[in-house]
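Order of writing sets the chain letters: A, B, C and D. Residues in each chain are counted from 1.
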Amino acid sequence: MIVILKKDAQKAKIDSLLHTIDAWGLKANYSKGDETTIIGLIGDTSKVDTDSLLANEIVSDVRRISEPYKAANRRFHPEDTVVDVGGVKIGQGFFSVIAGPCSIESEAQLTTIAKSVKQSGAAFLRGGAFKPRTSPYSFQGMENDGLKLLLAAKKMTGLPIVTEIMSETQIEDFEDVDVLQVGARNMQNFRLLKELGKTRKPILLKRGLSSTIEEFLMSAEYIMAGGNPNVILCERGIRTFETMVRNTLDISAVPLLKRQSHLPVVIDPSHAAGIAWMVEPLSRAAIAAGADGLMIEVHNNPKEAKCDGAQSLTPESFDALMGQVAARAAFEGKVMSRHG
Amino acid sequence: MIVILKKDAQKAKIDSLLHTIDAWGLKANYSKGDETTIIGLIGDTSKVDTDSLLANEIVSDVRRISEPYKAANRRFHPEDTVVDVGGVKIGQGFFSVIAGPCSIESEAQLTTIAKSVKQSGAAFLRGGAFKPRTSPYSFQGMENDGLKLLLAAKKMTGLPIVTEIMSETQIEDFEDVDVLQVGARNMQNFRLLKELGKTRKPILLKRGLSSTIEEFLMSAEYIMAGGNPNVILCERGIRTFETMVRNTLDISAVPLLKRQSHLPVVIDPSHAAGIAWMVEPLSRAAIAAGADGLMIEVHNNPKEAKCDGAQSLTPESFDALMGQVAARAAFEGKVMSRHG
Amino acid sequence: MIVILKKDAQKAKIDSLLHTIDAWGLKANYSKGDETTIIGLIGDTSKVDTDSLLANEIVSDVRRISEPYKAANRRFHPEDTVVDVGGVKIGQGFFSVIAGPCSIESEAQLTTIAKSVKQSGAAFLRGGAFKPRTSPYSFQGMENDGLKLLLAAKKMTGLPIVTEIMSETQIEDFEDVDVLQVGARNMQNFRLLKELGKTRKPILLKRGLSSTIEEFLMSAEYIMAGGNPNVILCERGIRTFETMVRNTLDISAVPLLKRQSHLPVVIDPSHAAGIAWMVEPLSRAAIAAGADGLMIEVHNNPKEAKCDGAQSLTPESFDALMGQVAARAAFEGKVMSRHG
Amino acid sequence: MIVILKKDAQKAKIDSLLHTIDAWGLKANYSKGDETTIIGLIGDTSKVDTDSLLANEIVSDVRRISEPYKAANRRFHPEDTVVDVGGVKIGQGFFSVIAGPCSIESEAQLTTIAKSVKQSGAAFLRGGAFKPRTSPYSFQGMENDGLKLLLAAKKMTGLPIVTEIMSETQIEDFEDVDVLQVGARNMQNFRLLKELGKTRKPILLKRGLSSTIEEFLMSAEYIMAGGNPNVILCERGIRTFETMVRNTLDISAVPLLKRQSHLPVVIDPSHAAGIAWMVEPLSRAAIAAGADGLMIEVHNNPKEAKCDGAQSLTPESFDALMGQVAARAAFEGKVMSRHG
């Protein structure tokens, strides 16, 4: 961490600051130039609050040099993490596809889709029981009834299940869920993250719509700091000025996250663009960029879907896509994870 | 709502869509041109899911014409809402300043600041007990102990208090808090919003970092749909490409929100830029743009502050600012709200 | 185009508007509902100025339905365009790599790089003679001397050359250049675009840093409207809130541009992230997403490069990359274009 | 400037880098820590290319400490610049309003508006003769005929005139124009900026839609580095994710530009939102934030305007606005500039 001092900083105040740094257990490397005087802080600066330094009247600017995340940092954990969900793996060469409807609507709907995506080679079944919707007047999900249907579909197909948790009060209810999804809007719901850190459940953490890569990794750090190492990162499109798509898939996030962190990275091409026909080209790009998995919305009747119909694939188009996915994962030297 | 059909839409499928629209209790106005065929949906379309329309194979695009919010909409509630907090008012010509430290750190700190901001003319005391921090290693607030200190400061000064609630599980603990603040990161924590809708507490709802005006009003709608009309909107800067400031104050939000909605609008110039010297010019602009209040961070010793020191005013500079604020509120024909 | 009227629009003013629309040679489809009255404009609306409609006191909103571009629109030109540069093709299944230094620095530098990239399989040689630099104090390019070196390198290697033109006054000087590049900062330099439209030169048009897909295609339309059909679109990263990379590669632009337009699409992974090690994963993603080519910066001594050293590949790493590129282009069923 | 070295940097390569820095005429302050080694560059670093440093294999990151602009920098020019246009001043306490139509359409139109805005207190007449339009099919301006009308209106009213120049080839034709406007899309048309730097004409430089404050000041620096000190900065809205307005007025730009630079700052509230009714609240905010002037579109018949009708004020509403502007400029202690 580097502290840049104002040109007219008085000696007494500099000494006081150096004293403070020393009291924090850090070494201060002071270097005075004609134009600029800087202090380099050496040691573990992850707990130093840059804001309080900036509030010091003699400080002009503060710049971090090392990343503020540790548990999620590849620097301290060079090998890839593989998240193992009852034998189905993501990361370290294992490529997994998570598929299913945006929201669970009925037993018939979920059963049909679950069998079909399993048949096509999906490793996980997804389905929303609790739905975060922009409007209070939109369908909010089947809630606990939806959860029951999802558990039944798991029993029937054997596929491990992924579903979104919206509050720390639900952790008990989600006991039999295999992977808990934290949605983009809750990426900085720190109370939820802390409680999830106390479990050992695999967590699929979605990047917030306008979160930086660093903030994303800091949210993973919240979960890992609590002792839970099973975090899967999911990029699902960021908010930009472009209006032709709902969000802009940040494909650079794949190589960046893989370099900065050891955690597996999954891409959600359905939410990224919000357009069904774009799922295929974005999936192809994700695999080529180095992703460890895909999360794809499939609905047996998209035009009757209670949410996100516009971005859902039919079982037939999902099946065709999976042919492409398998060929491309093989090209990249990855092993497709499958249940059983 | 307007549904634009694809050029090659078959008659049978169009009929089926018209039938569906009819079944929704809406009137369909069908108009066929050489290049484009459109269907106008007439009636209450606030519950129509645009996504399921978009998923219909014959539909090319769907455009909303009327706003999806009702309770928060000035169209259905032309006069300004005034939120009355035990006699201290915000809105409809009443201008209120909310001031205090970012986080509550000790009894001495809070007492000193509380007395001082009251003296300078603040109408509300703010102070964070539960702090949403990007890093799990940063100070997370004094939590329930902080809440107790805040209630004691309220007792001592008489100032109504504003503090951030982070989860629906805390509502009971916040019973004696006058205004519950929902932070920017929780603007779309829908479970929290729904539970707050069941109370009648004044809610200070902060705009998410990358939320559109429409999404912001939809979050207010969540609270109001539950029956709670006491919502205060707070613009606190949005995320843009600019790096010289932490966030970009969206001053246009003031006239836009006042026109689209009847709810009071408060500006937080401290978080907007994240720089203490910018609080004054941004406060001036906010008042001139038509805001109903300001929310300002004050700390008796910014450089020792446990959070956001760089953006906190000292009690002296806050006092100087309040002179300006009062003169400008008067220029705009507003009445400064004050306790007692 | 749809015109939405205000609720209280007076009949006389509506009639006057309908009359105006008729005078424009368009058919007006008027449909009145309880809440909303809309007018559908039928016919060629590409020359209708939405702004003047919006300025009409009875108009509440105006929405375009059809795209405002025609020459660049796939709707009116379903088959892919192939740009043929003296036998070297881009588009319609032909994949081309453009490589070379950011700026031309000396004969020795350019010759070394040119031979090397040809050897590795590049189809075009790029090199900047006139450099748009943010700072007036940065190296501005070798200008006309650079151009001469580039032409000499073309002669030596036979590779067609690509270089940036900055003003319509330079068109004559660039007569022997094979492909004229319009930089991101000049994407809306309309005087330049108009003059380029009068030539029949292949134009590599780079997307502006914060230009929408529609604006990008409208700039292509400027060139094509003048009669020049030889436009190659180049996505090179857009400006977002992310700070870890210089720009965010918009991979969705590839399928979107290919669907909306028939023009070839090239990706510049060097400028997108601004980081040498990211060129490879982004190139892989670009090919998988359906791009028709890549534009890559190569420098024989990146750390001495006069610009953009941080994003330049060495000849060795470019050669390794080309192995990957060829294998992947083949996987996608594309033919690698090569000179000679 | 601070150079952060990689952890495993070899001594020989560090020595070579230190030698290079020395050869640049800079002092290198080397400080080695356990985790991080940094080199502080001391001296005039404005010409150091950060990219070539980043390309050095032992360098991990480079951070600028001092601003890369000099002529535009308040640090080296503490007092406000006042731009004097034949006696009409902007800056240093002089507040000027520039008003007129988006585009010049006819003698009658321009004359009517010119007289009217003069009457209402505008100090400058604006009017576009050459119009940068997104679509090649939109009205492109009356071009040289428009320029003649503008010069005639200047003669008639005595008001100095402001109009947009689009290419360096037009400088001679614009000889009698008082203030040359560089549009947002040309903010980084460096050839134009360099040529304008050779004149001594007042330049109204508009901020690019997605340009940072630093890039904006660097474009001013281009003009000033050529010897032309007469630059007026104009903020006109930036591109964000918000869709309810055309652009987002960056009100923070006013205090930031005034602090970083000594140049006068003008706000264009017409283009910022693109909505006529928002011109008034945004103008109020601009004055309160410390702007030195406003640039406002006025049209005698907005609904027939050939461009930007939706954001143009009528002469009547402009007159009403000017009453407010004068009162508020006086409140801020500013003197309203007026011709004659």
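Here is the rule we go by: a contact is a pair of C-beta atoms (placed from the backbone, for glycine too) under 8 Å apart; a residue touches a chain by one contact, two chains touch by 3 or more.
According to UniProt, the chain labels map to these proteins: A, B, C, D = 3-deoxy-7-phosphoheptulonate synthase.
Note that the structure is a prediction, hence the values are computed from the model and not measured.
Considering the contact criterion stated above, the chains in touch with chain A and with chain B alike are C, D.
The set of chains touching chain A and also touching chain C is given as B, D. When the contact pairs of A-B are matched by residue number against C-D, A-C or B-C, more than half turn up again in C-D. Chain centres here are means of the Cα atoms, and by that rule the chain farthest away from chain D is A. Note: centroid distance chain C to chain D, computed from Cα atoms, is 26 Å. Centre to centre, using the average C-alpha position, chain A and chain D are separated by 40 Å. Distance from the chain B centre to the chain D centre is 32 Å, each centre being the mean of its Cα atoms. In chain D, the residues touching two or more other chains are 210, 239-241, 243. Every residue of chain A that touches chain C in the complex is listed here, in rising order: 210, 212-214, 238, 240-245, 248-252, 254-256, 259, 272-273, 277-278, 281-282, 284-290, 328, 331. Contacts from chain D toward chain A in the complex involve residues 2, 4, 27, 29, 31, 33-36, 38, 40, 42-43, 61, 63, 65-66, 210, 239-241, 243. Contact residues of chain C toward chain D in the complex are 46-47, 49-52, 54-57, 68, 132-140, 166-169, 185-186, 188-192, 194, 209-210, 215, 218, 221-222, 225-226, 239, 276, 299, 302-312.
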